[in-house]
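Multiple structures follow.
Note that chain A is present in both complexes that follow, paired respectively with chain B and with chain C.
Right, the complex of A and B next:
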């Protein structure tokens, strides 16, 4: 089995760097049966998920990762659960918002794609 | 397939009600290969996980759930991913702390057990 912590770290670095630079480029990480629940709104499929992410109502965005935790989610096929907490800076806002996000990564051809993706802002 | 949102809601209600009343009683929710990552510390197995939870350094604890999101994590065996955000009140503290927690639930005999459990406090 691949080192799930190393996979999680590499995925998280790549995902948020890409998100902050050009979220259109996240499409290849999703498949037709991928699911995104973003602030309670459910979207299914790579095309719909990318459209959802690209149309989020901000131009500039920066993610600062606070914690990344990973666990094997399935010993047979080697899928990995990744849970992230961090801070989000949007456009010209000075105050970051806290967020948490969970990914379920499925191995395929030496790489991983996102089957499950759940995002929430954290309010006090 | 069971209604994964209904399963998630019932699980979350039961889990935190039990946690806040008597966390020793959470043992039956875990199995020998269950994993808990609590604030970055990894524990495996029902006995070790319960010991970890029971020995957390507080007497009274109350969870207030803000959001519960769920997705099917595996169409073949019907496992469910549940992501929770909420507030934690410990002992006589007046200021709640934000937390996020992710569970991966496996169906078995008409019920579900926890294979993956990742908990984090969220700091600004």
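Right, the complex of A and C next:
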């Protein structure tokens, strides 16, 4: 079984690099039954999720990751729980916003896709 | 899907209230929610099993959590291949909690983020145990700014300069509201600021100030 910490690191690097560069390219990471809760709004399915992310009201975005934590979700199936905290810089903003995000990753054919995705901005 | 979600949300609500209520009060019943295979991460420190979690609970100082918001999602308990959440199958619950926490060790209020992965019991699938948990907390300048403010002027100044990314602060007679690009106001932000405003002896006037570039 792959080292879940290594998988998490690789996934997080890829996810945020892709997100910051071109959100449209995130589609292959989701499937028909994937679920995204973005700031309380729920979306299901790769197509709808990508549409939601692409239509977020900003052009430029940069994620700066503070912490990445990984845990095996299910040893038998090899699924992984990844939790991320960090900072988000949007458009021309100088003041970053703190965020936290959780991914539930499912293995498939040598890579992983996202079943659950929960994103929150942290104000407190 | 809606039916599943409402059950999931109810279970998540019960869990969150139980967990933080007991964590801040009597922690002795919490380990019952864990099994030998439960994995816990506490600010990066990994441990597993109810016993270890018990030991951790005993050394963490008394706490008061204030939950800002939490979200939950279900996931299939058995197979991901067809990967549909249906009423017949078993399902687990993923919960994402954010808020602030004060530990009784002289440290300042911190912001925290916690993730729980709940799995159904094999025999009684209406009961859940904690399969995985991840707790992260950090000193937050926003918390310092809000809780340290005694005067309206300090509050306004802090809001315009701290790195929270607040775009517009509008002070009217009774309500202070913070806006951001991506999402509307947070309940905690609003209540904290209302508290500061209501306890402030100065008369509030209608003013607008902006932080960051509009």
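Worth a mention:
Following the convention adopted for this analysis, the second predicted complex is superposed on the first by the 124 of 124 C-alpha atoms of A that agree within 3 Å, B and C clash if a C-alpha of one lies under 4 Å from a C-alpha of the other, contacts with A are read in each partner's own complex, and residues count from 1 in each chain.
Criterion: a contact is a pair of C-beta atoms (placed from the backbone, for glycine too) under 8 Å apart; a residue touches a chain by one contact, two chains touch by 3 or more.
What you see is a predicted model; the values in this text were computed from it and never measured.
Within the superposed three-chain model, A:35 lies in touch with chain B and with chain C [touch as defined at top].
In the superposed model, A:83 makes contact with both chain B and chain C. In the superposition on chain A, contact is made by A:71 with both chain B and chain C.
In the superposition on chain A, no contact is made by A:10 with either chain B or chain C. Of the two partner chains placed by superposition, only chain C is touched by A:94; chain B is not.
Of the two partner chains, chain C is the only one that A:56 touches; chain B does not reach it.
In the superposition on chain A, A:120 contacts both chain B and chain C. Touched residues of chain A, counted separately for chain B and chain C, are more numerous for C. Of the residues of chain A, those at positions 33, 35, 37, 40, 42, 66-67, 69, 71-73, 75, 81, 83, 85, 96, 98, 100, 102, 104, 115-116, 118, 120, 122-124 touch chain B in one of the two structures and chain C in the other. Note for the complex: chain B touches chain A at residues 33, 35, 37, 40, 42, 66-67, 69, 71-75, 81, 83, 85, 87, 96, 98, 100, 102, 104, 115-116, 118, 120, 122-124.
Touching chain A in their complex are the following residues of chain C: 1, 5, 37, 39, 41, 44, 46, 66, 68-69, 71, 73-75, 80, 83-85, 94, 96, 98-100, 111, 113, 115, 117, 131-132, 134, 136, 138, 140, 142-143, 162-166, 178, 180-183, 186, 188-189, 192, 211-213.
Taken together, the chain A residues at the contact with chain C in this complex read 31-33, 35, 37, 39-40, 42, 44, 56-58, 66-67, 69, 71-73, 75, 77, 79, 81, 83, 85, 90-98, 100, 102, 104, 106, 115-116, 118, 120-124.
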